[in-house]
Amino acid sequence: MSKTRLEAFSDAVIAIVITILVLELKIPQGENILNGLDELKHQFLIYILSFITIAIYWINHHHLFQATKIITGKILWANTILLLFLSLFPWTTSFVTEYPNHIIPQITYALVMLLADFTWFIMTIFLDKSNQTVTILRADKKLFMTFSLIIIGIILTPLLIYSALIGCAASLLPWIIPSKKIEKTINNKIIH
Amino acid sequence: MSKTRLEAFSDAVIAIVITILVLELKIPQGENILNGLDELKHQFLIYILSFITIAIYWINHHHLFQATKIITGKILWANTILLLFLSLFPWTTSFVTEYPNHIIPQITYALVMLLADFTWFIMTIFLDKSNQTVTILRADKKLFMTFSLIIIGIILTPLLIYSALIGCAASLLPWIIPSKKIEKTINNKIIH
Amino acid sequence: MSKTRLEAFSDAVIAIVITILVLELKIPQGENILNGLDELKHQFLIYILSFITIAIYWINHHHLFQATKIITGKILWANTILLLFLSLFPWTTSFVTEYPNHIIPQITYALVMLLADFTWFIMTIFLDKSNQTVTILRADKKLFMTFSLIIIGIILTPLLIYSALIGCAASLLPWIIPSKKIEKTINNKIIH
Amino acid sequence: MSKTRLEAFSDAVIAIVITILVLELKIPQGENILNGLDELKHQFLIYILSFITIAIYWINHHHLFQATKIITGKILWANTILLLFLSLFPWTTSFVTEYPNHIIPQITYALVMLLADFTWFIMTIFLDKSNQTVTILRADKKLFMTFSLIIIGIILTPLLIYSALIGCAASLLPWIIPSKKIEKTINNKIIH
């Protein structure tokens, strides 16, 4: 499996996931359209959260594989599982917007994000091993923060209903600026 | 972030947005199919408007980045926000076709286009700065016309219901032929 | 506009159109699933017809642009209009399967195909002019046959309901094997 | 038809098929959301089965064409028919999840997979012939196992309802690790 094909396929899947999110957005119903739009505020916030999450995944995925040379079967399958969890985002987004006041959809949303992050963690371990780049491709500290924020969010959801989603949103912050360790490696090796 | 990847991802998202527009088109219902088709005339006009809008965005996006060399984090994020607004087109299109005689959907449609255009404006400022191409990548006059047409359209909507959409359609005219300033720059530098 | 980008964007749109056709396929309803499946036979035939039509468009589109060097604004816009008509295929397919026994959906289906073919005709004229390849890129005889078959099919629809679709299917036959004139040109010039 | 374009188009179609699977996933309905989620367990298993199946098709498709040089019209059309069957996966997946306790949807699901596998078989024969790679590109033993497992699964479905799906899942096992014969050929010839 060449790296280029894996990247191209992942890019395509991620581009489709980010775009079909919109198919789950509902049109305001009822007599008063302005009221209807107002009720969809929550829906739009989740839409933006999911869109930004997938975009951040795309940016970091691109970055990670730029510093990679060897693709093993394990990496290929970890990437496939990651895409599987990312592909569930339109469904979890739709689930949350359908039941804005229930804790189960919010927890489900956060769990799928947690599973995607965990698969990312496993994938970076495989990448680090096969490319012999000792802990350069891993981001264990960032991931520990990410996991903690989502898990705390999930635990607090029964008390404060939007905790899970706030945890998810907060967990994105360390990923907005891609890893500088990787950046340096790319520039040194002048890969790509 | 390499320019090629940003372009490829944007192209993919734009291609998907332009194609899933059709999923919002309804099938004529009721006994008399010919009457049903006739009632969908309005729907088809919006479909074509959205399709052409996205196509023009694609052409100008391609053109803009052809004259670009450096992608900063700011540009990357402006582009992501632009894609976010473009991804809302299937939803706003569907909203307008669902309520052809209400002013709110029409204004919503025009507002999303205005926000996309505004993000474009911000992105060209970032691009111009990072590529040190003094005002070559910007198209402030064109954008001023675009903003004005859409805003006038929105303001007139309570008087004439299709004003917002007419404003949107008119705002596309200066973008059909891509910037000659950029064209010249590309040919001079023989980029790409 | 570089040829590569135009090809890549057209490929993406065509790939999405061919794939979202399936979203319009219905699941058999009612007590007796086997009967339900049987009633969907017609639906599957249209699905296959649309799928093969789009596939043939893709093959010939690829072939046509392989023998092309210069992309003008006119070609770019003819291609955009072509994509617009192709993007309507999921809708016309859905329309026909919704009303298998009405002549209007069948005629609508055939008309959209006719419009796509006509745009193709216009595009080959532009391509031939701008690339100064006297009638090599055009396929006027084939297109005349194609137009005739679809138009005859449409005219016969009030007498025999499936005529329009049969005309569409028959009109594909000359396009299954791509133009040998183009093939020769490509091999001689060793383009691409 | 260049190999690169055929690969790119197939990749795009496969990426879209794998991603729109999610559009068929339903949101739990009714008062008790937790019960609703529980009832969707079966639906998720089918989703994962379809996702993994398409992913394995992608990996093996990529592998197969890496060892290929010549694309004939026959190969092009076998590939198109293969994509047609793969594009039906969202529909068969949705059919099974709609009627989890009927044997007809399960058999339909397995039959479509069988048809895709059979088209694969035909395609490898064409590829082997045109590339004069005696039986390197074919995987007749693997395919014989695959066919047997699916057919046995289908036959047992009236006795044990999930047999067809279990047969499908089992038939994937030999394909998880791509052909070593092809791997060797690629490395020897240093193709791509």
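Details
First chain written, first letter: the chains are A, B, C and D, and each begins at residue 1.
Operating definition for what follows: a contact is a pair of C-beta atoms (placed from the backbone, for glycine too) under 8 Å apart; a residue touches a chain by one contact, two chains touch by 3 or more.
Everything numeric in this text was worked out from a predicted model, so none of it was measured.
Identification of common neighbours of chain A and chain D yields an empty set.
The two copies, chain C and chain D, are related by a rotation of 90°, based on C-alpha atoms and rounded to the nearest 5. For the pair chain B and chain C, the distance between C-alpha centroids works out to 26 Å.
One simple way to say how far apart two chains are is to compare their mean CA positions; for chain A and chain C this gives 37 Å. Those residues of chain B in touch with two or more other chains are numbered 8, 12, 16, 20, 23.
Chain contacts in this assembly form a single closed ring in which each chain touches exactly two others.
Across the whole structure, chains are in contact as follows: A-B, A-D, B-C, C-D.
Interface residues of chain B, counted against chain A in their complex, comprise 1-2, 5, 8-9, 12-13, 16-17, 20, 23, 73, 76, 80, 83-84, 87-88, 90-91, 94-95, 98-99, 102, 104-105, 108. Every residue of chain D that touches chain A in the complex is listed here, in rising order: 8, 11-12, 14-16, 18-23, 25, 27-28, 33-34, 37, 48, 51-52, 55, 58-59, 62-63, 66, 177, 192.
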